[in-house]
Structures are given as C-alpha cells and as structure tokens.
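In the two complexes that follow, chain A is the common piece, with chain B as its partner first and chain C second.
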Partner chain A sequence: MEITKEMVERTATALKLEDITKRKVLTTPWQPKVQYAWDDGPAIGRYLAELKNGRIIARTCRKCRRIMIPPRMFCELCWRPSDDWTFVKDTGVVNTFVISHVDWKAGRLDIKGGERPLTPAVIEIDGASAGMGILHMLDEVDPWQIKIGMKVQAVWKPQAERQGAITDIRYFKPLAPERKRGK
Partner chain B sequence: MGYRRVAIIGAGMTKFVRFAQETGKELAYEASKMALDSAGLDLSQIDCVSVGSAPDAFDGVHMKGEYLADGSGGWGKPVMRNFVGGGTGVMNVIHGWHHVASGMFDTCLVVSEEKMSSAFPHPAGAFVTIFDHTTEQPIKPTLLWIFAIEMNRFMNAHGYTKRDIAQVAVKNKKNAIDHPCAQLPGEITVDDVLNSEVMAYPVNRLDVSPTSDGAAAVILAAEHVARRVCEKPVWIDGVGWALDTAYWCTRDLYYPDYVEVAARKAYEMAGIKEPSKEIHIAEPYDPFTYKELHHMEGLMLCKRGESVKLLNDGVTQRTGNLPICPSGGLLGVGNPISAAAVMKIIEIFLQLRGEAGKRQVPGKPTCGLAQAWGDLMQVGTVVVMRS
Partner chain C sequence: MALAERIHRTIDATHWRGEIPLNYIYTPGRAGEQFLRALLDEETFLGARCAACGVTYVPARIFCERCFARIEDSFVKLGKRGTVHAFTVSHETFDGVRKEEPSIVALIKLDGADGVVLHRLGDVDPGDVRVGLPVEAVFKPKKDRQGSILDVRHFRPAKG
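Here is the complex of A and B:
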C-alpha cells in the first residue's frame, strides 16, 4: 500500500487565517482566566526567602558531593535526602544564551523600533557544582556581544522592593570588564 | 524473551495542515479508518486502542484521550491515552506494543491526533506552564527559548555554524515535496534559512517546524495474527524510552543523554551492536533543524560532533548511505506533535515495505528507526523496525 494524494485529499481541509479573522467561518472563542496559588515547598521556600535577603542559597548532597541550585530537598541522582544548606555567590558564567525577538506568547518585539531583544541565559552560579545553572535574563550588554563563558553578576532590586521571588534579581550583567569600560 | 513479537500491519494519516476545518475526532477517524483499510481489517477485529495526544492546552480540551476515543474507534473497547510531551507519538507505538507484546491483546489500533491551531492565534503561550512555576515562569520564558538555548550550546560544543545546520531545512523541505500529506514542502536554499526572520538567535523562522493539525494511525498485531492477515508485516524489534531530570538548567544540553539511554535499550532488544551500520534508514525527531543532528548523535548513528560532516557529505540525503528523514520530517511534512512522530513510524513502515512511492530510498532497506523527543528537553522515545 502506498499513501497517495487521492487517498488523503479529503482527510483534512486547511482554512486560511483570514477565514477566521474575517469571520468567513463561524468560531467560538474562549479566553480562560484561571488563577493558581502554587506551593513552593521547603527548598524553594528558603531559596526565595534568601533572595529577599539578597543572597543565593543552595543544598548539598554529601553522597555525590554536589552543591545544587536551585536547592532541592532530595538529590535526584542519588535518590536520597539532601543534607545541608550553603550559600553560593551571586556571580556566574554564561552557559548558553538566546537573543530573542519574541515574547512569551510568540508576539514580536519591536526590534526595528529600537526595542532591545530579550536575552535569557542559563547562568552557572559560582560556588555551585560545575554546570549547575539557573534560567535568568542578561542586560546592560549589547546582545550581540554576549558570549558563552562570559562572567556575569546579579543586579538586585533594592531591598525594599524585594518580594521573595526569582525576579528579586533584576537580571545579570557582565562582570568586571564592562564596568571598567563604563568608568 | 518475556514478550511476544509484534508487527505493524497497517497505516493511515491525514494531510497535515494549519487550521483544519475538521475536529480532532474527525481527523482521528480519517487516519484510523485508512489504517484499518490498509490492513484489511474492520473495527471488530481490533482488541484495544492506544491514543496519543500532546498537551491538552493546545485544544483547550481536558481529558483529550477520552474526547478522542470514539473518533479513534474506541467505543466499547479498552482505550488508554499516553503522554510524554513531544515524545508522545513514538511512545504511543511503544504503548500499543506493550498491550500486544504482553499477551493481553492480539491487535491494537494506535492513534495520534493534534490540533495545535485551536490555541489561537498561536499555541506558544499555552507552553508557559511547562516551566517551573516559581523559579522560571516569572522570567516569562517561551518555548522557542529552550530550543535556542540548546542549539546555541550544541553549536558551541562542536563548532557548528548556523550555515551548517540550515542545510537540514533545505534537505527536509525538499524531501517533503514528494509527501502527499506535507504542509510546508519546498525548494529553499541555505541563504533563505539564514535570511528568514530571526525568532530567537540562533533560531530563524525556517529553522522551525510549523504549527499543524493532523492525525496518524498504525495497526499493531501479534505475530500469529500478523502472519495470517498481512503479506508484509514490519516487525517492532526494539523499543526504548527514558526520561532525564526536569532540572534542565543543571544538565549540559549539548548532548541528549536520555536519547542515548533510550536508544541503547532499543538496540539491545533488537540485537544491534553497531547502529551506524545496522540501521539503514532513520527518522529522528526534527521539530527544529539542529534537533535532527542532535538526535543523530544521541542515537549513536554517528560520533558526537560528526553529524554535520554526514550532512555535508550527502550521507543523510535520500540517496545517501544513511537516509535521514526521507519523509521530509516535521520541518517539511508538518508538526502536529504526537501525529508527527507517528508519521515517522509510518514512513519507516512504508520504506521497509518498498511502498514509499517517490520517496522510496534505494537499496532495499531492511532496518529502520524512528525517534521522538519532548517534555522539558528530557524524554527520548525510540522504535527499531525490521521488514
């Protein structure tokens, strides 16, 4: 048996976007508004509380000797409870990054109009085990000058504005070299 | 061996399109009916139904397995839905394989359906909840980022360029010209890819598979049934799947370890020692250009860092020694998530039977592989098939 054009001709009918937007076909739109209140658990709870204090905390596993960030109450590799809290630095290294022209809904940013692309990155945190990173944004740097391996540091919100959230760190910016150039 | 041998004995699929007028159930019906007809069976000869569909958030239909059951011929039958994100399509076939291999059922209708265009105007926003609600969602991430993040790491690790990787889009979209169900076939150039809109560097528009609606289905049968009702059964000789941790920021994304784990399980079961020689044809998951190469390496179809060389040398063309995505892949045929991966299973089924029409690769391949990938860059699903 071969799957032929004739066989599939009537299986699916493609509408055009304008068939929908110009109401050539009937549609029933639904925009759900849902709200959740998520529990963060003891590990992330402490992580957020320490972010509010302007510092980053990790958990250690004495078996594999990893210093884990984000902190977790169990080591997923050793499959046992993690052991101790330990503070790590608020500096790190860019493990990988993106220069995004789209927002979270795939809406286009106005790049031509001068809007700065979003530059999310995985940042390996100094003091945590090698390769242990978090997702955060980079800023105060030309997006096209970002390099994997670049050293960066956290830019914190002022203490009064911190809420115990990952966004208490506004973003990460390049460490020393950029600062020198600025002065 | 604690299980029975299982074969694929029939296949069917709809066209893959954007904004299908048909409902998900109707698409599932078309694919299922075609699969039954191709196997020469009717629904009364089907013992159970396995339904695969990726996130409910696309369709806005909760309990989509139950919703799709009647379109999938599941009325009054044992029906079970399975889900591992983008890996669902190949997992669905593995899931059906379990039902038959276990001895519980002699036949299983495996149906995958997806309507991504119900999340209007774009399904990207429906993905935000895959990220950790406390540590990641406040950063407002989008699905494209995880691909861009992984692609950048992959390029950096091996010194690959965007120009190298763009060739995957050129190859797959060209292959799709010969696929009757294809949504985005075409002759494009590497420069077309590089000059297409920047979505999220290093990902350009033509590095990305489209948003699609569609369905695909296969019929599985135990050996004694397959030999009786089918002249050219294609045997499922190896299955494997694996999940990695959801702490994706703490793994090195340049290499998909979980795909390797899944592949090793499937190869061991199929008695494959040297995959690059014993696998004649493969359909690795290609929702983005670099993923085809990333997965070839994870599947050990080449050494780490050598996939681009195979691409450059034409080895992965339909006429090459190891044709990769001869169907046209997700980049060319389209990407109704779960159905797209069953499309890959169907392609290997047809190729091994010599029934792929204009897409038929030369050299009478007898062993092929289909693979899918998904969740938070953490699942690999692999099926090895032989004629």
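Here is the complex of A and C:
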C-alpha cells in the first residue's frame, strides 16, 4: 500500500513519512475488505436493466402528466405512486454543464500537456418532461463550443460490454446536424 | 399503497455491488511504541507507575488517568508473569462456526501491575483454568517477533 505524506502528517504525534517507510516506528497495517450491495429498488433497478438493453426508460405520473427520468415509483409532486413505464429517447438537450480542470480525485488535469478538461453536464432527455434530466459526460466536442440548449445524443458501449450501469452510456456527443459550422 | 416490490429473500433484490477501499496504519504512539519494543527486545511487559496515586498501569501510558500527572519517566518492567483475572472458553469462531478445539481468552493481571492485559491461554486444558491461576507469557522466537502484542503467543500456567 502506498503511504502518502498527507496521511502521515495528519496524525496527532508529529511523525514524518520516513518514520514509517524506514520503519523507525512500529506500525500495524490493516486493509479491511469492505463490500456493500446497494439495493437499487424497482425504479432504478429497471432503469439500469434497460440501459443494458440500450434503452432509456422513464416513469409517468397520470395526475401531473410528468414523464420522469430517472424513473421513480413515487411522484414527489403529487405525493402518490407513479403509474406507468415508458421509453424515452437517447437524445437530449444540455441543461447545464461544467468545464472541469480537476479530475475525480481532486487532482489537476494537465490541460497544457494535452489532457481534455472533463465536461459533465445535466442533459434533459427527449421524451421526458421539460427540466427532467440526468447527469452524464459530454465528449467529441470542444469544451468551449458547448452551449446550453445544445442537442446531444448518447454514445453507447457495445452490447457485450454493457453491464446495467449508467456507464453503459459512454458519454453524450453533439447530435450530428448541429455539428456543422456556420449554422 | 401496495408495495411496489415484494421480495422475500434479500438475494432476490436487484443490487449494485461495490467495494470501499480502506487502508489503515496503526502507530502505537509514544508509550505504546516503548511497550511493544519491550515485548520485542526484552520479553517483558512495560507498565507506567504513578507514585502519587500508587498505581501501576499496563500497558505503559504517558499520563496518569487519576491525577493527570505526566508519568512518562516512570516506566517499569513488569516481567512476564501474572495471574488469571477472568477467562472465557470459546467454542465458536468470530463467525459463529464451531471450533474443533476450544480456545481460551483471559484477562491477565500482571505481577506488580494494577491493570490487566487481554490475551490467550495455551498449554492448558480448559477444565484446569481458574481465576487466580499463576501464568507466564510464552514469547515467539526473536526472529518471528514484530513489535506486536502477538509477539506473545499465549500465556501458560507458570512453572515453579
């Protein structure tokens, strides 16, 4: 296991990293195996299963007539169970986005060295009610050309690689016609 | 409302599996370091004495719990002998599986100390263990010791 300077310097007794790496102090290392299984429930369970099939499924409420994505078994506005399953498209519109120079581990990306900024976005899915969307990544687009309202489409993993996860969609890319310049 | 999903066996629920990586390094601290090194190098338990309170703590510690005096300079070697203060004969593992041979865990009151240490008893029939039984620590060979309480393999009835 890799011991970092930060880990050591957080301890109450002032130890230096080399006190541990050079075994100047006694240590007891332990790596507990922590496993969990999250019950994804009927709504997200079906949603993930359909992603594996290459489709996006939503849930409707007959009272407020919303088509909800991600699907949920309970309409939080009407305070009643939702009613029906319905498939929506795998295209959508950028609702909001970020150009991030920081990666998942809070490390700085080497933008000058050629790394592409990460561009997570909330995407309103076509076929669902206005404002209902999912968080995903944008790619195959110059980060600085991304606009709110831009039409995008899902880029799926090949069927054999899909496992019933949100990452079965690799990312969203601009919908083909919108990519032409001068439009 | 009716339940949206009726599951009788938890294994039937659709689920998402994950692992949480946890890395842990325990450093025993100033007193603990000396306590473990005494086991490692000298085959003795190290205590700390507060003269004002007349109390000897084991394992050694920096402060007296009663008067908060600093007792870091009053460490004492307690040797490796003591008596059984309390014990349990365990017939099951941590997972509740029946063991072939029972194991014995005991609180050992070391000679000259006011506290106890928790350890295993060995080289003894469970039926022969009793409170007050004189015992001594059995150390692993020097080359196998790592500066851990497990450098003591177990306690056994004291000879002589």
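Assume the second predicted complex is superposed on the first by the 142 of 183 C-alpha atoms of A that agree within 3 Å, B and C clash if a C-alpha of one lies under 4 Å from a C-alpha of the other, contacts with A are read in each partner's own complex, and residues count from 1 in each chain.
Throughout what follows, a residue touches a chain if its C-beta (ideal position, glycine included) is under 8 Å from a C-beta of that chain, and two chains touch if they have at least 3 such contacts.
In this text, all values refer to a predicted model and were calculated from it rather than measured experimentally.
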> Counting only touches as set out at the top, which of chain B and chain C does A:15 meet: first, second, both, neither?
Replying inline: both
>> Touch test for A:106: chain B only (first), chain C only (second), both, or neither?
In response: first
>> Output check: A:49 vs chain B and chain C. Expected answer is one of first, second, both, neither. What do you get?
In response: second
> Hey, is it chain B or chain C that touches more of chain A?
Replying inline: B
>> Touch test for A:37: chain B only (first), chain C only (second), both, or neither?
In response: second
>> One more residue to check, A:81. First (chain B), second (chain C), both or neither?
In response: second
>> One more residue to check, A:132. First (chain B), second (chain C), both or neither?
In response: first
>> Contact-wise, after the overlay, does A:25 reach chain B, chain C, both or neither (first, second, both, neither)?
In response: both
>> Just to be sure I read the superposition right, which of the two partners does A:96 touch: chain B = first, chain C = second, or both, or neither?
In response: first
> Can you list the residues of chain A that meet both chain B and chain C?
Replying inline: 1, 3, 7, 11, 13, 15, 20, 25, 29-30, 32, 36, 38, 40, 48, 165
>> Taking the touch rule as given, give the residues of chain A at its contact with chain B in the complex, in rising order.
In response: 1-5, 7-17, 19-20, 25, 29-30, 32, 36, 38, 40, 44, 47-48, 68-70, 72, 76-77, 95-106, 117, 120-122, 131-137, 143, 148, 165-167
> Which residues of chain C touch chain A in their complex?
Replying inline: 1, 4-5, 10, 13-30, 33, 36-37, 40, 146-148
> Touching chain A in the complex: which residues of chain B?
Replying inline: 10-22, 27, 30-31, 34, 38, 60, 120-122, 124-125, 128, 131, 133-136, 138-142, 144-145, 148-150, 152-153, 156, 180-181, 197-201, 213-214, 245, 247, 249-253, 346, 350, 353, 355-357
>> Looking at the complex, which residues from chain A come into contact with chain C?
In response: 1, 3, 7, 11, 13, 15, 20, 25-43, 45, 48-49, 73, 80-81, 165
